[in-house]
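Structure incoming, see below.
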Amino acid sequence: MAMKKLINNPDNLAKELLEGFVLANSRKVALVRSDLVVRAKAKAQGKVALVTLGGSGHEPALSGFVGEGMLDISVPGEIFAAPGPPRVLEALRLAKRDAGILFIVLNHAGDVLSANVATGLAEKEGIKLRRVLTHEDMSGGPRGESDDRRGLSGCLPVIKVAGAAAEKGYSLEECATVAERMEAGMSTLAVAVSGATHPCTGDVIAEIPEGMMVVGMGQHGEAGGGTQPLKTADETAEIMLTALLDDIQAKPGEELFVMLNGVGSTTLMELYLVLRRVKQLLEARGITLARSLVGEFLTVQEMGGFQMCVGRLDAELKALWDAPCESPAWTAK
Amino acid sequence: MAMKKLINNPDNLAKELLEGFVLANSRKVALVRSDLVVRAKAKAQGKVALVTLGGSGHEPALSGFVGEGMLDISVPGEIFAAPGPPRVLEALRLAKRDAGILFIVLNHAGDVLSANVATGLAEKEGIKLRRVLTHEDMSGGPRGESDDRRGLSGCLPVIKVAGAAAEKGYSLEECATVAERMEAGMSTLAVAVSGATHPCTGDVIAEIPEGMMVVGMGQHGEAGGGTQPLKTADETAEIMLTALLDDIQAKPGEELFVMLNGVGSTTLMELYLVLRRVKQLLEARGITLARSLVGEFLTVQEMGGFQMCVGRLDAELKALWDAPCESPAWTAK
Amino acid sequence: MNTITHDTLAEMLRGAAAEIRENHEWLSRLDSVGGDGDHGTTMVRAMARMEEALASSVSGKIHTLLNDVGWAILGVDGGATGPLLGMFFVSMASAAEGLEELGAGNVAALFEAGLTGVRAQTKAQPGDKTLIDALVPAVEALRAAAEPGADILEALHLAAEAAEAGAKLTSTMQARFGRARNIKEQSIGTQDPGATSMSLLFRGFKKGLESHA
Amino acid sequence: MNTITHDTLAEMLRGAAAEIRENHEWLSRLDSVGGDGDHGTTMVRAMARMEEALASSVSGKIHTLLNDVGWAILGVDGGATGPLLGMFFVSMASAAEGLEELGAGNVAALFEAGLTGVRAQTKAQPGDKTLIDALVPAVEALRAAAEPGADILEALHLAAEAAEAGAKLTSTMQARFGRARNIKEQSIGTQDPGATSMSLLFRGFKKGLESHA
């Protein structure tokens, strides 16, 4: 089937969508240099700044996480492609401050390479920064082999708590500790039920056979095992939650958050069914569903499926999770 | 193609999704009687209450609009089917207060009939209420023939301003005036690019031919003319905006809001492109894009396409639009 | 048969439920042309509620039976059908207050009240392609046959025929109410689902009565 | 040909751009097996940026030319390719500081510096199915041919052959870096797109030099 997308010239797609994004969220975000997304109202210089980078085409991620209590700057790339190092360096220069920069990087080859080059150059210029890598996709490989686990939607909880910490005046070291604790305690697993098309090329991203679903797919639908007959919401919830709890070795008595991130055409309706079952299963194991988050945060075009992200919360992380924020994708009072 | 949805027994779908919805939004909403959605923290009795009703399967609508500064109670029906009058009557009893109830009804046969019966019974019980009908789908027929225009996503701006008015202590009459002014100045047009499946029956809702789009489809994809070759985002924006401005007879110098409501699998990316073009076109006509709202508010499962809703704003409506609110689908500080 | 008791009426209602259940796929198919394809499902749900009400309504009173059935159907989340069909029975119930059994005249009067109750809910007129187009001729046929002492089975037979003719005639009409009005001229050529289910209800009333006779 | 000037180098780079442009669909096809299918597009974008830099780089200095090209490619939003290829040229530039023309030994030294620059960015080793697997043998071939006074065209010919052989060999390897590592064994049987484009670059360098000769 041919692509059915309302777009203009694919070459201008990333640029045009960015314009529209800022228009739609003009009270929260603004553009600098026409290609860096910053807050509409800058954070005080005395506080740690949060910067991230990543490809476009995953809206609202990642620029949708810019705002009070969350990111200071996002460097959006082309569709599904990390921004090049020079623009990332510009962002780091823009964020430069004595308090330092918490630089959050999702583990994808392009993002990491671009971040590496930019970090090297920034450090030569005396820019103070700490890098935090998110790599919580359990389908990438065994826990501990961080290189093999990609960064999926789990970046959102990390950005939320680290952003809240920065807002509260935590030091760079403290912000990094919070981010790393959140990251270390979490794991994400994706399920895909239907594919999508690349908005620029029209190519099929992830062809899912009729009647099947694939558990353990990455952000762009790269193949990755786990093909099985389509299950019910309850069964799918159980398959995924069981794997995730196993991966983070959750124990009775613990408090967890669960985030369900719809990647495109899967409805909120379906995600609510999954959350309902997740809650029942956690209860049966004596685990508390301390916080939940259901919506579309990091999408893959019109792909069908979702990512389930599960992670440990302690008192501090809960307080940071609950702290006010005001970004296009997450506003809390 | 067979349905690819993560659901359980279709007979329990509406009930289960409601459970998950409340779980996911437990700080904002709660259930009464297991089938009425109310605010987690009730509004003061001295203020006007807002109540609405409508079928499920359009998440986050309509229960996602319950919360501070918006609705007090939503009566969710079965998938795509209005709730029966007895439950609506229960909701009106629950909301009963001297300040009165603003009862917002979307113009669909089932909703209106159910609301009619419930209203008749409620009035016999001495429940004070004012009904506001939203019917802004311009594809239904000529302006003025209100019976033929359905209520689409335009209910959201109406609920927003009326909810803010109620929160500010406006009287029932004043809330109704605000709601009706907002409603009278707006118009909605839908475009569909790909169909969906009914989550209970698996039936196809709106089959859109390869390479085509349909402008002027209703909320459940009932047929309605306007089939044409798929256009670019810019062209589609222009076709729709031109028709809408014509319908509300917008003039240079006016201030309008534009809401782009994705109905399912159409991405935020695409909606941002459309908004970008809308802004350019409005500017060319000397019209101000005073407010915009882009997201998925009233969906039709995994259908591809969106609704464009355009309406007049005056100073009071702008202030009410900007007022704080805290509902699952719209939170503003 | 010259009179109908509480139990006979219950049989009639059960007959209607059976008739709908047998034809629900057709109803949904008709609804999928201009509507949302759920009319069969909704009617089946309404009938299930009706049967529950029949089972639990133990007063032995015609008024109460009809009222319980009406409220049960109102309780269905069924789009247009719930309120219209629910009010149909609720209004019949009001007209049945105090009656222990029904003669042909009572039967006509009850159905007239039902029609009035439906028409209070909608501006739809005959010719607008709705259930009204089956209900009006059915009620007229009942009234015409309602001589004192007339055979009720025969009257219901005529009513069912009239309802069916009315329902068939809706295929020549353009929908002006309900979802199907959105497809305008394209609604011509297909029977209205609501009119069709109304005619099935009458056929079911008749069959139910027959089985009891 | 024993020496390369600024202008000859520019010709080599143009040759590389032409070679990529001719084969970009193949590159994307290779990338769609285990990656996201954009490698051809990204390389074309990178080459367009390179040509812009070639056109606007007017210093006449080899160092500046390579540095401008490197930064232009870094500026491409191109996933893995931009940083790796950009740092390749930026690192070559550093090694070219002060040089007005390049002998065979200089050429080998520059490409060695480019390789070092790439390897500073990634932990990928030979055998991991990345562009390293084409680049390492190419650089080795250049070094082996780099007798004083050696023919640079001949050396580049050998390097291009070595790169192509290296790229072909990647089809026997399992990807351990980049997106393709996600498909594990399934990556065996297809050449690595990055190694392939690297071998195309070398073939293009050679062709560009040939055309200038």
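Chains here go by letter, A, B, C and D, matching the order in which they are written, and residues are numbered from 1 within each.
Convention: contacts are C-beta pairs under 8 Å (C-beta built on N, C-alpha and C of every residue); 3 or more make two chains touch, one makes a residue touch a chain.
Small disclaimer: the values here were computed from a predicted structure and weren't measured.
Listed by label, the chains touching chain A and chain D alike form an empty list. Relative to chain B, the most remote chain by averaged C-alpha coordinates is D. Remark: chain C and chain D have CA centroids separated by 79 Å (rounded to whole angstrom). Taking each chain's centre as the mean of its C-alpha atoms, chain B lies 55 Å from chain D.
Separation between the centroids of chain B and chain C, computed from CA atoms only, is 33 Å.
None of the residues of chain D touches two or more other chains. Residues of chain B in contact with at least two other chains: none.
If touching chains are joined by edges, the resulting network of the protein chains shown is an open path.
Pairs of chains meeting the touch criterion: A-B, A-D, B-C. Chain B contributes residues 1-2, 4-8, 13, 16-21, 23-24, 56-57, 59-60, 193-194, 199, 208, 210-211, 213, 230-234, 236, 260, 264-276, 279, 289, 292-294, 296, 299, 301-302, 304, 324, 326, 331-333 to its touches with chain A in the complex.
Across the complex, chain A is touched by residues 28, 32, 34-38, 41-42, 71, 73-84, 86-87, 121-123, 177-184, 186 of chain D.
Residues 14, 55, 77-78, 80-87, 108-110, 113-114, 116-117, 139-140, 147-148, 150, 198, 200-201, 203, 205, 218, 220, 222-225 of chain A are the ones that touch chain D when the two sit in their complex.
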